[in-house]
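What follows is a set of structures to go through.
The same chain A turns up in both complexes below, where it pairs with chain B and then with chain C.
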Partner chain A sequence: MTPDSNPPILELRDLTVSYRTGGRGSDALRGVSLAVERGQTYGLVGESGSGKSTLALAVMRYLGGEGAVARGEIRFDGRDLLALSPADLRRIWGREMALVPQDPFTALNPAMRIGEQLAEGLRLRFGLNPAEARAAALDALRSVRLPDAERAADSYPHQLSGGQQQRVLIALALSGRPKLLVLDEPTTALDVTTEAAVLDLVRDLTRAAGASALYVTHNLGVVAGRTERVAVLYASELVEDAPTADLFRQPLHPYTRGLLDSVPRLGQRKDERRLTGIDGSIPPPGDLPPGCVFEPRCPLAVDRCRAERPALDEPLPGRRVRCHRWPEILSGEVSARRELPPALPSATESGEPLLRLEDVTVRYPLRRTAAETLRREPKKAVRAVSGVSLSLKQGRTLGIVGESGSGKTSLARAIVGLVQRSDGDIHLMEVELPPRLSQRGRALLAQLQMVFQNPEEALNPYLTVGESLSRPLVNLLGVSRAEARQRAGDLLEAVRLPRTYAARLPAQLSGGEKQRVAIARAFAANPALLLADEPVSSLDVSVQANILNLLTDLQREHAAATLFISHDIAVVAYLADEVAVMYLGQLMETGPAAALFEPPYHPYTEALLSAIPAPDPTVRQAAIRLAGELPSAVDVPSGCPFHTRCPRALGAVCETQTPPWQTAPGGKRIFCHIPVEELAAQQLPVVVFGGEGE
Partner chain B sequence: MLRPYWRIVIQAQLTENSIIPTAGQRFLRFARRLFADFPTALGTSIMLLFVLAAVFGPLLAPYGFNQSIYEHPRQPPDSSHWFGTDHLARDVFSRVLVGARSVLLLAGGGTLVAVALGTLVGLASGYAGGWLDELLMRLFDSLLALPALLLALLLLGTLRAAYGESVSAVSKGLGVFLVLAVVYTPIVARVVRSVVLAVKTRSYVEAARLQGESLGWILFREILPAALPALAVEAALRFSYAIFLTSSLGYLGVGVQPPNPDWGLMVNEGRRNVSQVPWAMWFPAAAISLVVVGANLMADGLKRALREE
Partner chain C sequence: MLIYLLRRLGFLGLTVVVTSLLVFLIAQVLPGDVCRVILGREAGEARIAECRADLHLDDPAPVRYLRWLADFARGDWGESYATGFEIRPLVLDRLRMSLMLAGLTFVVAVPLAVALGMLAAVNRGKWLDTVISLGSLAVVGLPEFVTGILLIELVAFRVPWLPASSSLPVGAPFRAALPALVLPALTATLVLLAYIARLTRAGVVEELKQNYVRTAELKGLPRLTVLVKHVLRNALLPTITVVAISAGWLVSGLVVIENVFNYPGLGRLLVFAIDRRDLPALQAIVMLTVVAFALANLAADLLYAALNPRIRVG
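What follows is the complex of A and B.
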């Protein structure tokens, strides 16, 4: 091979990484080849278990004691990275390549001031003296647009918000002016508005420095808007690699197709086009199928796929795919796209509301310190929810959208009675719900059920699935134990699990299966209202779609109303009939989901919509980024709670007076001082949809 | 509509034995786990031997525990007296064998009472929270502030003052029993409470509350199983300390009294005659160590077995 004058900054050739666990080795990466060009932003997409984090670690040569490169080559800037000594690596780390880790909270030393952590690295890498290092650290903090760099430098990590911590890590990674930045799920722990700002920042800084970036993520939306090329990993193998726009427009691998159809496009609604998802689950690394790794879940699998492992072909220049059937997919003879009948439209608005909230408030009192007690200061409280009024009709879905700290979970918990509301009334079918769970009778309990966020702790690990499912039948419906056992099997079938799962313990189930059982349990007593608190946010995207479909169908069958809580606006817009947007414990906007993307918007909704990571490179979004940080829920700003960050704030009115609820055309209600006519005149659609892919 | 998904499920069914286990099978599986690896198997075997000795000791002992064999005074271990004879010419092997019952009843029984009480209090305190939790925990803090031995002496002294000097040997045993319960209940309660605090906010406990489960079900079926592994280890630890505490009390003359063949008491008696009959101290001391090691090895295995369940 002749030495190339301008080789790719990073090149992986047939990279295989194995982990040794308990004496057995299993491959976390098998024969992965890819090249990141200079100045290129490259996305690496995969679900959990795909090997994407292993790849990021292998590139950094950060693999722990159990992991080792079994085969293949990693070339960085023309050099063989695997041949470098620890001393050489130390020279490269930080100066030529740097990692932005996933969890900012554990990546920073909690006992060291931010400025010192930055300065330490700079001193070691560039031999600066302490004063120079301090100045350089401040520059680095300013470069990531931290509003008060001096103060940030003198802070300890816990004094900064998650978004600020992530900025510090980016400052740390970029401070050595690396040629390659590896970002391992850089925004997974952040809210959408913060995520958008952080991603903008990385884009601007890498572009300015001419650096390459490798985004490792499970979020298709993150790569769609920010990268030039995308590689898709599945079960430790690279299955597709293409320019971003091409990949989203015409995916050639059935897995990529499945992934894209698993996430709602912006504006996609369940009664127009269903999400399809991918059935089954990713095979464990030690037990891969003999042929194509995707074959057991592939809708296009043929005998050849079971017998023979496909090669990584190059169907078009610059595109690679590992599939036997790409010629047919490319020519359009077959398609991996599966069509499901759209959901039936929800019950029409008529009759009395099933659920009615009036001025519901939830406060968590804080303890006073001894000094505060002596000074007789009033007791402080976290105002999680303040004065929320809502109503929901039978059979309909209300989506509540908000970032962390918006009070959406507290609101749901107050409705079901897991926390006591401090004020306000909740009526269910015109019956007032007592604030305490213990005051609610069984008949009332049966009407209200909840699906929780984390499937890992949704089921009692010491009870079999059958026992878990028969409990609500026995308790709430008074069914005999024998009959409950029988009906537990029916419930399993209703959530598309085999009856034999009744004998299993939760540890024998995958995350998606656990969530199915939790949904079956919630529907067991035939509730009138189901509250779903982020039911899919900890699941892989290919599993998410199936769970969302299941919820939709069961809700329809049981004629239950659903309160669906999520931080994911695209999912809420897809699933809900009505949407309510929350900020700092208060409602900002309510309205039909179909009108969510059309102006006028509340200025906060406008910012949220512009920040959604759209899984579609053809979508154009206005870049509205919020300044500052979320205020504390202990001292909620007076007047409009959003005025401290509102790009459209009018001034004194917003700071002192509670805004009015205004009705806009299209059925939206907006909590804002700016007259709706004026909002409508000023605002353009934040999200502009491109052509429909394929 | 046979989707690929079902194919996977069916494959899983074929490879996995998914028959519902009966209670007997579950017990067998659990029992097998107690012999799963060498350390656990060793611990379980030691504890089984110990329980056998406690039950059948008096039947198996070649001599009476208080029988002086005047032909063989201060005999070193040999084929007729495996552990030798002590300064009063009593067969040490028989005494150790018979003494197992006293250790099991006093230390084991006392631990059991402490574990049972501590579990109840820990569950209630952790789950209820608020002022009840505050009250119980501060009370326990004050109890834990006193060294165990001092607290024990205080309690036994109070008992003696209340019931006079004429307490029988049986009621002295009961006193030790009570002391162990009072001294160890707070410690066990704290361990259980800490697990309850971590578990009670888990979704499955909240789901149970929303489904109208009774308090008893929530405490014992939803929360307690998660505390069992920690509880098993704590119980083994308490049992070890209970053996020491019982023997210390015996030595101070407020617990079990001679000629009772309590192991701790034997060590203390042997200590006085260690220059003439060292083996009279070695063997009961070895027995104590063996049981303590056995209890801890078994508890580690138990912890793992309970986690896997």
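What follows is the complex of A and C.
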């Protein structure tokens, strides 16, 4: 025991964790030191490969077979965690420290009722009898605001939604009244509105219990509003550590700077200030640079950085940074901020629409079960998209925002012809698009290209990059093979990849590089319309920004229209000229992106905007949280589909009558029974911007 | 759940019907006239014709099939060509003997196999795992008759109260039959044991990687609770299905084992019936075996559903 009467709840000293794979050890963490004070919320930010999940598990001392602490110390509540026996650890787990894991869908035992999964721990920890444990389990479920605790307790995990399962996991973690809660990407699997509610809950509950929390996440927005301190991990090392507000206001490490400039601030637009991103990619753990780990990607790198590993210095009280050049950065002599010229404004709105959707509807019929057929129930269908009308002009970008279940992907697939629309018309350049892909001629196929979310699946793993790129040229445009090869090289250059990549196979590329190739391929046929379905959501933020820039530039060069589909409102607002918001298969609001953050809003948009995890602690957001769960697309609520959760619902009208489309002053169109004037009068801006950083 | 059960039952019925068709058809395409077989080569044409009429052999095939099926369902399984006795009591007695052997095997083999598989999985990569894995691999590789003969050589000749030959009076009660059951059951157990242990090990290894195991561990539950209450239940799901399918193996395995040990079960009778071209007996044995196999599968399905809430509740 330390003589110190009030040591930090968690202290890592020079922690090095190694994984041993195939006989070769590599460090997943190198010399990480940090301290979480009692009652503090601490954020730990890192991209994939940074070692952040290893850190979360190391703190729990649950590293699994291959990982081991090679050096350093973990002190928990004054005790040396590494010296504890397995039996001692089991006394600490769940009781003094608890983990909220990453993926709610796999973290609960599928074959055990929720109530028992909570109660078994309670019986053990507090010696409760079964009845007491059941009551305590119900209390725990109520504390995370599950609407029907009894029912949840009697459910199996698969009967709950992801958000509900995540709440159960939080209830589970908090039920032992731990002193430290470790949250490993607690909301990555959730939609924004659910994410916001869950994060609020964790904040309130930890605060009430006086517990400390360590948020491990890749999402700067998650830590910005909810932590007191933030540490940044890069390539197994801690590179910066500061009070949250200071870190966002004045990052001292070039990597932190790069990260902050890679994500759009709320309201940031591409034609005002560009995202800059960070070039290159994180080095593989077995092959770290000898000097500063960030040196290969750092815009400020000098010779010294290549030769000498920087120490973790303390430039200001309470701030630590691992960079040779912090004195110059601190004084403002140099800055790692990179300035890119803003994107040129998009083509004007005049002219005929290039793409026109009228009443597009996509239904997936469901097979009736035997019992339903016997009872002669009508055939059911999932109404993925209902009556969507939209138009898009040449050279412009339309962003479609929606949470999972909003139908945005089905809509995109119906346009491309990957699913058949059940109703409605789609015109591309005044030509009606046949519903099926197979009915569309080559010329049409060439006009409409798509970039998918997951570049792993989009590229044929057996074709070289060059072959992937020349195929559409040969098949759709009838270019000769020799010329196609030449042009494939040009395309690679256009997406800022070396020409030599033509000979590589997808497996030899990083995720970001694959997505570049997918984009190059989409532009190969010189399409009139590019459909991008979540093209950056599987990528790290530092890579995201570069891909978004690339899309913008190429779109500009090719004068193509873009339909950009994403769950990330900040990104859509940054990139798009117009935004359409979808909920349960229907449009709720459309309008110019520049007006997105200005009231009046559709009540759903209002909730959505208030839930965005803003990567900026100075931003103030109203806390509008939606009650209940997303209704099933099989039984879409009557009247306004949003009425079951709408905080502004008017009652009977909303429940029975389809709302009208109203036009608001800024050019917004809103699908709601409340007159726009009234909305405008009732609504304050949901997002209030604080001072600009630096 | 009810629908699930009905569907399974329907499936079972279908299996039995299809098999009965097959069994019937095989009897039809088998060369040789049944009456010739019964009456022998020297019988005159007249007697043959009389016999054919007796057995309705000249009716159209569908009629004969339905009649046979109806008789069978009523419990009239005919008389053995070879011995002239009624088949039903004979076959049912033998079935009881076989079930004794199979039951004993199951009761010993399954829990032991699961425990061994679990032990191996938990100690993955350590010496205990290597011993169990190699041991089971070796036993799986040996045919039953080799294992059986080895056991007779190694055990029966040394332990006086264990008979090398398990021939028994057919109606012997379980207690009296027990000493004679030990070696055949042990042989069957060894093979089954190895098989199930390997499956369980694979299942547990797979489950141990799942995230919910970490959740359970980090509740601070004792290791044994985590393993038995959380891991095992999920790990056994795939095992159950495969074990049910391997019930089919158990049948054929038992045929061999019963013959090695001279044990008077259905398997012995089967070989005997084949030997004598005793068609009605053969048909009855095959039908019974298939029904038993289908029932085993049904039991496995129900157990699977009971353990897997995703099937049990919507």
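Basically, the second predicted complex is superposed on the first by the 692 of 694 C-alpha atoms of A that agree within 3 Å, B and C clash if a C-alpha of one lies under 4 Å from a C-alpha of the other, contacts with A are read in each partner's own complex, and residues count from 1 in each chain.
Heads up, the rule we're going with is that a contact is a pair of C-beta atoms (placed from the backbone, for glycine too) under 8 Å apart; a residue touches a chain by one contact, two chains touch by 3 or more.
Note that this is a predicted model, so its numbers are computed, not measured.
By the document's definition of touching, of the two partners only chain C reaches A:Tyr62; chain B does not. Once the two complexes are overlaid on the shared chain, A:Gly94 sits against chain C while remaining clear of chain B.
Comparing chain B with chain C, the partner in contact with more residues of chain A is B. Once chain A of one complex is fitted onto chain A of the other, the partner contacts of A:Ala107 are limited to chain C, with no touch recorded for chain B. Once chain A of one complex is fitted onto chain A of the other, the partner contacts of A:Ala503 are limited to chain B, with no touch recorded for chain C.
Looking at the shared chain after the overlay, A:Glu120 reaches chain C, while chain B stays out of its contact range. Applying the stated contact rule after C-alpha superposition, one finds that A:Val223 touches neither chain B nor chain C. Look at A:Ala140: by the touch rule set out above, it reaches neither chain B nor chain C.
The residues of chain B lying in touch with chain A in their complex are 3-5, 7-9, 13, 18-21, 202-204, 206-213, 221-222, 225-226, 309. Interface residues of chain C, counted against chain A in their complex, comprise 3, 7, 210-212, 214-223, 225, 229-230, 233-234, 307-310, 313-314.
Against chain B, in their complex, chain A makes its touches with residues 279-281, 296-299, 301, 416-418, 437, 442, 445-446, 448-450, 452-454, 457-464, 468, 471-472, 475-476, 496-498, 500, 502-505, 518, 521-522, 525. Every residue of chain A that touches chain C in the complex is listed here, in rising order: 60, 62, 86, 90-95, 98-99, 101, 103, 106-113, 117, 120-121, 124-125, 156, 158-159, 169, 172, 176, 369-371.
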